[in-house]
Every structure is written in structure tokens, then in C-alpha cells.
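The following blocks contain the structures, represented as C-alpha cells.
Two complexes come next, and they have one chain in common, chain A, joined by chain B in the first and chain C in the second.
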Partner chain A sequence: MNISYKRASAIFVKDYKEFSRNYALSIMLLFPILFAVLFKSAGASLPGAAGFLFNSSFVLLTCFAQACLIAEEKERNTLRTLMLTPATTMDVLMGKSSLVFVMSTVVLAISTLLFGYEPANIGVFVAAIVLSIVLYTAAGTICGLYSKTLLDASLSIIPVAFIFMGAPWGAVLAKDYPVFGVLDYMPSSQLVHLLNLSPAGYSAGEVWPPLLIIAAWTAVLTLVSVVLYQKRLRDE
Partner chain B sequence: MQFQPIYEDGELIMPKLELDLSASPSVGIITDLRRKQLLMEQLSRESGNYLSWAGQNEYMRLTVEELISFLIRMSGREERAAVLTDYFALKEERKVRLMQLSSSKRVYVTLLRAFFAHQSTLVLEEPYFYLEEQDRRQLKRILDDLSQQKRILILTSNLEDALISCDVIYRLSGSGLHQLDIRDSEEEKQEAVKQDEANITLQKISTKREDKVILFDPPEIDFIESVEGSILVHVGGEHYDCTLTLTQLEARLLNFGFFRCHRSYIVNLQKVREIITWTKNSYSLRLNTGKEAVVPLSRSKLQELKALLKL
Partner chain C sequence: MAVIQVEQVRKTFGARDALTEVSFSIPKGEIFGFLGPSGAGKTTLIKILTAQLKPTGGVAKVFDQPAEAMQQSAQKMRFGILTDNSGLYERLSIEENLELYRKLYDLPRSAVEQVLQFVNLSSERKKKTNTLSKGMRQRVMLACAIIHEPELLFLDEPTSALDPVNSAHIYKGLRYLNEKGTTIFITTHDMAEAELLCNRVAILYQGRIQTIGSPRELKRQHRENLIRVELTSGEAYELPVDGDTADRIADWMKRGLIERVETKEPSLGDIFIKMTGSELL
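Entry: the complex of A and B
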């Protein structure tokens, strides 16, 4: 599958202009920063604040923005005309995803600084965040493909928010109800484990399993989103 | 180009069709909404066709110039956005966002995607329907230029829209495709018809509808049309069959201010409101009947009409 840099960047620029002029969507960029400021004043004593900050940012920003970008194209029937241009599936997805990726990276960097989170290992932290952004972009693509309008897209985010944002909290119940132990394998729970690494010292056994689980999720969801995208477009 | 037959509830909606697009660069098909959708559906399955749907939307928050440069980059063309904006006659609107354009202009800009298509056949569904006259003229010019290299197929439910830029026009119904006879009258042999002395006193035009004979006073008639060999007399938005030929009717109605404006049309000049100029050699007449009615005017007949109206 070949990707034309020129076409992907044309889509990137087009989506950037559209997104930045749609204030109802671009206001979502402020939420992670707002959360960071709020939690910082609440104090570092709040357990799980960093985890909640990152996981909610992924859903509200990365996943939501991607779902809206795709759903808006579907709503206006511009996705099927994109199919008639020489642009391939990967051009379209790369153009859109890279915009969401850049936005998420910048906003998360700002909110990490504001919140004052200091990772135990910067390499592991960056890897986990990058993988998570790709993962939630893929989740957003799937949401967008299942919705017909912008309104649908903002509603389709809710299940994602429940499952992914709630997983770290649900995993706490695993002591009483062993069923909830499954939630510990959600990427959001694994991210919380990584964020909670103690700066004093950690073993490789604490780093690799969470990273691998997140990577597996990312790979699976990305694959699903690409396949689903091609299938959905063919059906229309 | 072939189309598969389509049945719905055991009824034949569309027979098997074979359409020869090579005869003329721009072909029009006049048919109803349902059949238009069925045709679009079948056409979209072939990769060599570019399709433009009637309900197509655009990126509303981009400006016209941004959209054009986006389309240039997507299609890998070399032109500069400013040159094309001039070519599309959108210079004044180039900094305006699409959502702020008038609805006719917005549709016009949306239709410009066809210009960038790499496919060899462009299929346009109702391209002229939502356009104002100014934009129709621009689109016709662009489509005429495109037809030098590509084949254009226009699907519409309106004969006048098809006449704007199609050289060959078909009407599609349950019984199949029928080509409309729209050649200019200059090729026609002028047959000298002897006027029947007895008919001169008869001033009514007799028509038939559902086995009833209906007589019309000539001034009531808006225009008369020849469609697939049968003569339709249009009165107040309705049409009635007539058994006379156009040549007979022309001779009979000459004294009532009727004019043979086209090989297949006779128009009541009293009802003509406007002469529309599409391009230097394509004209239509708009009537001031209650319903919107437009009748084509042959190039060769324009001088004759001007003389009649003392223009």
C-alpha cells in the first residue's frame, strides 16, 4: 500500500483548517489543559489523577476529534468523492490521523507540563503515550465509521469513554468480583500501571508486559479500523 | 456502456440498456428520480466513471481558494490555484468561505470537482437544477471545455437542463431509451404544404386525452412540442396529444402569432417573456405561463425571430 505524501498533507491541511474553524470541536483541545490545571490545584495527593488525566484526554480529544473528522466527511458525502480521486485509503487515513496525532501530542505535552507529572522513565512514558494516541485514533476511526452525522459521532464516543476511561476504576473491584479482573487488561489500566512506576526503581517485569499489552491493542484496533474503513466505503 | 435490467415487486423498472457514449462527447438522459438513482448506482460500480451526485456537499469551512488548491493537490495537477479561480470565474469569491456563498454558487463550487476528475467519463446528476442563470452559463462553458477530452453523461429529469449542454439526448422510461430528435431545422427539407382551403375557417386545435377530444383556442396554447414522433400541445402546464404534424400546425397557427422556434417546437410568441442566451449559439425562450417553461430556440431561427419581434 503506497502513501502519497502530497495527498496526505493536502488532507492534513484541509482538515486542520476545517477543524480549527469549527469551534464546537476545537474547544475540545482545551479540556486536557483544563483538567491538568484543576488536578494540579487539587494536589498530587489525589491518587490516580495522572492516569485519569491521560485516559480522559485520549478519549475526549484523540478519539473524539478523529470520530468527528470522519463522521463529518460522511455527513457531507465528501468521503465518497474522496474515493473518486487518486487518493488511496491510506492517504485519507494518514492525513486525518496525523492531524489528530499532532494535536494530541502538543496538547498532552502542555498538560503534562502544567500538571507537573514526572515520569520514572521518559523513554517508556513517550512510547506508551505514542502507542496510546495511535490506539485511540483507531478507536475514533471506528466510531466515526459507525456514525452517519456529527451528532452520532459525539454519542458513539460515550461507550468508548465508559469502557476505556472506566477500566482502571473497574479493575479495583476485581477483589470482590473476579470478573472485573479482565478490565486490568484494558490499555487504559495498563497505562495507569506504567504511570505509577516509582521513580526510585522498577524492574523490567513491570515495564514490558504493560507496554506489550498496549502495543497489541494498538495493532489490533488499527488493523480493524483500516479494514472496516475499506469495507464501509465499498458498501456505500 | 451496459445497464442491467432492474425489477421491483415483479415489475420491470428499467429494461436492459445499452448506451453508446462514443457518438457524442456529451449525452443527456432524461428520466425520473428513481431511475436516476438506479443509473447512478450501476454507474458507480465501474471504476472509469466519475460521479457527481445531486445532494453532494462540500467542506463548508474552507474558502473557495483553499478548496481549489486542495483539489489541485489531491488530483496531482500542476495548475496554480489563482489561474483556475480565474478560469472558474470565482475571483471575487476566492476569499469567501463556502458556507457564506449563495446556495447557487455553493452548488456550482461543489460541481467543480468534476473538473479535477481523472476518470474518462464524467456522470453528473442534475448539474443545472440548483444553479442560477449566471452559474449555469459558467458551468456550461467548463463542461464544454471538458468535453474536448472526456465524455460527459448528464442525468436529469428536465429536458431544458439537458438541452443546455448535451448534443444527444435520450428519454428513459420503463420501455427503454429513446433518442430525442433535436437536430436543428436547417437540415430539414422545407416541404411546401398546400393549405387545405376547408381548414382555414377552423380555428380550434383539436387534441386528444384519454379518448376525449379537447378543442383549444390558439391563444390558450403555450407551446407545442414533438416528442418521439407524437405531438404534445402544452396548455397551462398540462399537455395533450395532437394528431396533426408540426408542419401542419405551423401553417395553421402562423396567423395567431405562433413561431416555429425549433425543429420540434412551435411557440406562442405572445407568451414569450425572455430570450435566454446560453452561449453565442445556444438559446432558449422563457414563457410567462404560470409554470416555469423554457423552450429551445434554434440558432438559425434567431434572426427570423428578431425580425418578427422587430428587435
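Entry: the complex of A and C
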């Protein structure tokens, strides 16, 4: 898979201009910041606030923005036109994902500061956030590729939001209903485990399994999004 | 050298045959018209030739390589495509849309200015594409398709729904490109357009090529051997092409009685109706 920096950056710049002029979509940047301010004022008494802040930001910003960017291109037939230019699959996916990656990183950094979250280990925190951004970007790409219109994309986010944002809460029920134990393997649940590492001390066993599970989800969803994109290069 | 070579190509969608044993080749520098009513299979063939669709059978080659290879970046540099489905980025200006294509094809900055002049949109460059008329949008999409001066240009009904002025502007541009060496594959159901532009045409109906040749050849093949003569008195005769007719015309000419003489040659539209038995759109 060869990537042309020039082509990927051309797609990035184009997406940036389109995004910045699309107020219905760019307003989504404010939600994580708004949540951070609200949760901050609620104070440390709000359990699970950090997990909800990050997981909801990934779904409402990263996944939603990516799905809308892809679906809008499909709706207007510009994605097929783009596919017929020399831009490779990786050029298009990297170009389109870079904008969402940069936006998510900046907005989450601001939200983290406003919320006042202090990670137990900055390296682990950054790795988990970066992997999650890639993961939710891939999930957004899949939603966008399955949608025919922007409206479809908006609706396709609902199950993603329900499953990924709800998983950490559902996993709590595993004591009474063991079947819910499977929700603990969702990346959002694993992220909550990492966010809850104690600053006083933690073992490697508390860090590596969650990170590896998130990495596995990221690899699988990224692979699926690339394969699906390549399938969309062709008609049936 | 044939730029496009199609041998016994078939394409089926479920039980429906979209293309049935289609064969032809297009040499370099030709403007080839693929004519047919809507749903005849014209777009299907363009999709096969640009690797958007796999044929069910047969061989489709472009630049002497299987059409599959058209997915490679190096091959994509060699062709341009304009379809009625081509899209523009609505929130970007004409110039910003073209700038994207310039970068994707790795062209110098001057390419945007050149192509804007080519489609006569230099003064409109800052306009957002969502404010453009249908004719202007079509010209911008053509500009995107030809900004890299492709060796091969696929045009799928490029002037559908355009007014005559915009169509004439596009024809002029296409002839200029062709003179510079671009081979053009154009699908249309506008027979006048085909007659005006194409070196050769194929008429496709229900997935099969019914006839193929230059418009002049086709007209010759399908003409009725009759000459229509109108006299100054207002009388009109349709006469067979033979010696007696020649003598009669010579006699009328000597006496200054002839107003108009014309051969009864069918138009491409007449041939199309004859071949397909269908009405033109």
C-alpha cells in the first residue's frame, strides 16, 4: 500500500475547508468541551464522568464527523470521482482520517484540561487515547461507507453510540447477569479501566490487557474499513 | 495501436443481460461515439473500462492492459472521466475544486489557470460551486476531468440537459483536446452531437452493438438510392439514381427549372430508429 503525502494532504486541506464551512457538523467540536465544563462543575462526586466524557467524545465527534464526511462524499458522488483519480485507497483514507484525528486530538486535549483529569501514567493515557481515536475513526469510516446519505450516517451512529458508550455501564451488571460480562471486552470499557488507574500505584497487569484489547479492536476495525472502502471502489 | 480493445464482453446483472458479446476497438486519436437509448448499457461499458465493474465474460483492454489495471495510480494518470454522476465539492469554489485535482495529479500551479481558460471560467473562479448553473457545473466537471490532459477521455452524456451555447462550448473544447492527441470515448443519445463530433460510432441496443462505422459510412449504407428534385414551379420528384434520372435532371437544368437537388440520405437519428426500433429521447 503506497501513500502519497501530497495527495493525502490535498484531501486533508479540501476536507478542512469543507468542514470549516459546514456549521451543522463543525458545531460538534463544542460538545466534548461543553461536557468537560459541565462535568467539572459537578465535581469528583460524579462517578464515571471521565469515562463518559472521553467515550462520548469519541462517538459524537470522532466517529460522527468521520461518518458524515464519508457519507456526504457518497451522497454527492464525489467519493467515486475521487476513487477515479490517482489517489490510492490509503491516500484517501489517510487524508480523510487526518482531519478527524487532528480535530479529535485538539478538542480532547482542551476537554481534558478543562475537566481537570490527571492521568496516572501520561504515556498509557496518550497511547489509549490515540488508539481510541484511530478506532473510532475507522468505525466512522465503516458507518459512512454503509450510508447512502448524510441522514443515513447520522442514524448509523445511534447503534455505535448505544453499544460503545453504554458498554462500561452495562458491564457493571455482569455480577447479576453474567452475559453482560462480554461488554467488558468493548474498547470503551477497557478505556474506563485505564482511566481509573490509581495514581498511587498499579500493576502491569492492569495496563497491558486493556491496551492490547483496545489495540486489537483498532486493528480489526481499521482493516474492515480499508477492505470495505476497496469494495466500494467497484460496483457489484 | 488500439487504446481500447473490447472482445466479446458480456455483463449480466442477475438474469438481465446488460451487455452481450460487445466487440470493437478504438485507435489512438479517435473520437468514438457509443450511442444508445437510456439503459442500453453505455454506462456499464464505461464502468468496465475504468475498472469500476467486472465483466461477466470477454476481454476489455485499455492501453493494451486488462481494464482491471485502470485501478492503478499510474494508469489513472492516463485517463479522465466525466459522467452525469460526477460530483463537485459544493462548499468549495471552482478554483478550490480544481486545486484539489491539480494536487492529486501532481501538476504545476499553472494547470489550474490553463484549464480555467479552456472552459472559459477564469472570471468565475471564486464562485462557490453550489451557486453555479447546470451548464457551468458541467464545465467545471469537464475541467476536473481534463486538467491533467489525459491520453484517454471517457465522457458519459457530457451535454445532457445543457443549452446549445454551453454544448457548443464543450464541443469546441473536445475538438481542441482531440487535436492535441486525446482519444475520446463518448456515450450519448444525442445523434446530432455524435454526428458533429465522432469519427466513428457504434449503436448499442439492448446490450448488443447493432452497427458500427463512421457517420458518413453508416449514412451511405442506409441511404435510399433516391434523389429529390424540387422545381421552380413548386413540383417535387423523388427519382432513382440511374441514367434516366441524370438525363431528366440535365434537361431541367438546361431549361433553368431546378430549384434544389438533394440526395435522400438518412440522418444518424433515422439510422438509430431503424436499428433499434425505438424512439429517440
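Note that the second predicted complex is superposed on the first by the 235 of 236 C-alpha atoms of A that agree within 3 Å, B and C clash if a C-alpha of one lies under 4 Å from a C-alpha of the other, contacts with A are read in each partner's own complex, and residues count from 1 in each chain.
Basically, a contact is a pair of C-beta atoms (placed from the backbone, for glycine too) under 8 Å apart; a residue touches a chain by one contact, two chains touch by 3 or more.
Please read these numbers as outputs of a predicted model, since none were measured by experiment.
Following the overlay on chain A, a clash is recorded for the pair chain B and chain C. In the superposition on chain A, A:Glu18 contacts both chain B and chain C. By the touch criterion stated above, A:Thr81 is placed in contact with chain B and with chain C alike.
Once the two complexes are overlaid on the shared chain, A:Lys148 sits clear of chain B and of chain C alike. Looking at the shared chain after the overlay, A:Arg234 reaches chain C, while chain B stays out of its contact range. Among the options 204-212, 222-230 or 294-302, the segment of chain B that ends up inside chain C in the superposed model is 222-230. Counting contacts by the rule stated earlier, residues 4, 6-7, 9-11, 13-14, 17-18, 21-22, 76-78, 80-82, 84-87 of chain A appear in both its interface with chain B and its interface with chain C.
Every residue of chain B that touches chain A in the complex is listed here, in rising order: 50-53, 55-62, 66, 70, 73-76, 97, 113, 116-119. In the complex of the two chains, the chain A residues touching chain B come out as 4, 6-7, 9-11, 13-14, 17-18, 21-22, 75-78, 80-82, 84-87. Partner chain A is touched in their complex by these residues of chain C: 47, 50-54, 71, 73-74, 76-77, 81, 85-92, 96, 100-101, 103-106, 144.
Contacts from chain A toward chain C in the complex involve residues 2, 4, 6-7, 9-11, 13-14, 17-18, 21-22, 73, 76-78, 80-82, 84-88, 233-235.
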